[in-house]
Amino acid sequence: MDMAKPLPNYLVQRYHGWKATSYAENESWYRRLASDGQHPRAMIISCCDSRVHVTSIFGADQGEFFIHRNIANLVPPYQPDGQQHGTSAAVEYAVQALKVAHVIVLGHSSCGGVQGCLDMCQGNAPELDAKDSFVGRWMDILRPKYEVVADIEDPKEQARQLEKHAVMTSLENLMTFPFVAEQVKAGELTLHGLWHNIGEGGLECYSADKEMFRPV
Amino acid sequence: MDMAKPLPNYLVQRYHGWKATSYAENESWYRRLASDGQHPRAMIISCCDSRVHVTSIFGADQGEFFIHRNIANLVPPYQPDGQQHGTSAAVEYAVQALKVAHVIVLGHSSCGGVQGCLDMCQGNAPELDAKDSFVGRWMDILRPKYEVVADIEDPKEQARQLEKHAVMTSLENLMTFPFVAEQVKAGELTLHGLWHNIGEGGLECYSADKEMFRPV
Amino acid sequence: MDMAKPLPNYLVQRYHGWKATSYAENESWYRRLASDGQHPRAMIISCCDSRVHVTSIFGADQGEFFIHRNIANLVPPYQPDGQQHGTSAAVEYAVQALKVAHVIVLGHSSCGGVQGCLDMCQGNAPELDAKDSFVGRWMDILRPKYEVVADIEDPKEQARQLEKHAVMTSLENLMTFPFVAEQVKAGELTLHGLWHNIGEGGLECYSADKEMFRPV
Amino acid sequence: MDMAKPLPNYLVQRYHGWKATSYAENESWYRRLASDGQHPRAMIISCCDSRVHVTSIFGADQGEFFIHRNIANLVPPYQPDGQQHGTSAAVEYAVQALKVAHVIVLGHSSCGGVQGCLDMCQGNAPELDAKDSFVGRWMDILRPKYEVVADIEDPKEQARQLEKHAVMTSLENLMTFPFVAEQVKAGELTLHGLWHNIGEGGLECYSADKEMFRPV
């Protein structure tokens, strides 16, 4: 790989700062995590979006959360076809190997992936319809939900509703994994759906009773 | 989705704590991030492992890094077959839509996914060879590198070398994406390979000159 | 003490979160607790085990319970020999100075201390028999009860019974303290024995009538 | 034990409330904690005082902290004499069996045990000088520090300083345990001293550099 470059200097400096402070203060814990392995309580599936800081919001300690991040926090349906499914692999590892007790799907406002899905469904993003658009094909997971929000006139509200449907879709698809469904039914695993409002700092949780998201 | 449950109370409390402190202190920045969108300088591809806190190591601010996390920080080769490729979608979005200047692949010590790959290649994990093992099929991306480390006798050193090959494989595969290769050649994008030692707090960077990882 | 280190950052953040929410909302009560002193209704003696959250189970408010926690929730017999007896000091302070109305001994499932006692009595933990094993010597308090459970074949049931005997032993030893016995007889103090099943969320209370633990 | 009584009804009700809410929402986690055992990151040694809620202040999750609570959060010096030392047993179990990465000593304002020590040293509490006073003998651990604060005129400030000396004494005594000193020197265990102001909601951390407590 003759293309790899040295780390930008500002990151080298920050790393050395971390090493001299956070690492130094938590050295014993890092050593133990390294020798004893991880025992995270929960898996969090969130978006790659740079504005979503899962670990800040939940005051996370190193070792607490197994975190998978992809575009629009989507979980595809169970499809054991021998192909490469990175999200399914992460779910399998968390649930089967680590035996986490919770899988938390965390959606958020102003999600670029969800907006792309809307644009695509509304005919405004032909490039996303192309076979070679990875983002477009990935957002196909959410596509069937477009019709549920198609009639919402306010574009902002429409996007928001589709963002929440992305969370619900992931929860539904998680239940198509036999090992997830089995453990959920046995009371050994619980699923949670959240939607985070970046600008307002809000957090809403999907309530199965009310079939809606409500502030926590 | 009648299976979704409320958020565990300790997370609700921590969230409210975050809202009243970090959010309150940075409200104007969060609002601006929401209204102006994200402009991250770099994409980081790291592992889901709960012990790897990307944002801590680099003192990350909200909005700084577009972060994709999957098992063993792997990028598959470019394969525009119309199927769902979550990692490729994340790379495409970061490079094409967000125009990040850096893609950083961050591997780490004691990686469970890499260990699984080793076990599988050594015939000790038949369950990972099954067609329906998502983890096994995902680790196939790294499989061809096993022969490079097959003769290393010390199991810890062997795993460590394969962890570093996971980073190099991702860098190589990134270059198979036409839009990545093009921007790298045009000097608009740089790739970086890192390996993080969790217990020691170490950080090594792949040096193309020396063809090896060296402490930053 | 040149060995003391700063508090890990995640705890600093969580503390500030608590200060800005729980403390802020209850400030007047905290100030009053500080100025008027504590008037707890009950003392609880429970195990140090990280899985036993006394305050959760009983929805405890600040100022409600005087809580002593030690290995296996044991109270040693009354022994006023001028040596240091931390548990006896806690009982004396609760009953004599604070005049609590209840002393509740709370045992639990999967107790590591009780398991150690079993291992020691069965000859499987010679290190606990050593004079300098603090855990071993502390579990000597429970040792005489081993013979009562020695014939139980199922190891899980055996441990469970010994856990319950740990609670009963503490109740019996509490009655050897003259000031406890006196107040119990005068109807000014009541003793209660509980056993908590961590996994099932169960709670059983010792019934003097039936001479057994029964679900509350 | 014919003296044990049923649990007061208000606690039965609260327990059933907890079972139907917190337990129900976290059932999968409780089951996993029961089957896999505890892996707490830290041991906390705090006072029995009903006003000190360790788990609230630090947004604690079940399974996070191994908590020992005694009068005035004192650790006696290492004394492997074959007698019963409950606090030493708790320290041994946390450090040797559970391999916690941190031991945090948490003192607090308005500590009744520390006030008793002051009264005793000033000749105002002859009953605490009696051989059969468990509280008096327990506070002997702190007694040598009285001379350091003897000249402070303001009684409130004097108590506060002695409360902080209780924390420092415990840290010093912890270092007399060979297994603690060894792991601290090896970077596998870190010690922390805190003092909590109940009325103000304040938290101060002992700084070895400055040899004083400073707000976190």
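Just so it is clear, A, B, C and D label the chains in written order, and each chain counts residues from 1 on its own.
Just so we're on the same page, contacts are C-beta pairs under 8 Å (C-beta built on N, C-alpha and C of every residue); 3 or more make two chains touch, one makes a residue touch a chain.
None of these values were measured; they are calculated from a predicted model.
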item	value
If a chain touches chain B and chain D alike, it appears here	A, C
Chain pair repeating B-D, as identified from B-C, C-D or A-C when over half of the contact pairs by residue number coincide	A-C
Interface sides of chain A and chain D: same vs different residues, half threshold	same
Chain centre separation in whole Å, for chain B relative to chain A (CA means)	14
Distance from the mean Cα position of chain C to that of chain A, given in whole angstrom	41
Of all residues in chain D, the ones touching two or more other chains	22, 25-27, 29, 31, 59-64, 102, 190
Contact footprint of chain D on chain B as seen in their complex	5-6, 8-10, 13-14, 17
Sites on chain A touched by chain C in the complex	22, 25-26, 29, 59-62
Sites on chain B touched by chain C in the complex	13-14, 16-18, 20-22, 24
Chain D to chain A touching residues, read off their complex	25-29, 31-32, 36, 39, 41, 59, 61, 63-64, 99, 101-102, 183, 187-190
Parts of chain A lying in touch with chain B, wherever the complex brings them together	1-8, 11-12, 14-19, 22-23, 27, 30-31, 33-35, 37-38, 40, 43, 48-51, 53, 55-60, 62-71, 74, 76, 80-94, 97, 102, 104, 109-110, 112-113, 131-135, 137-141, 168, 171-172, 175, 184, 190-194, 197-201, 203, 205-208, 216
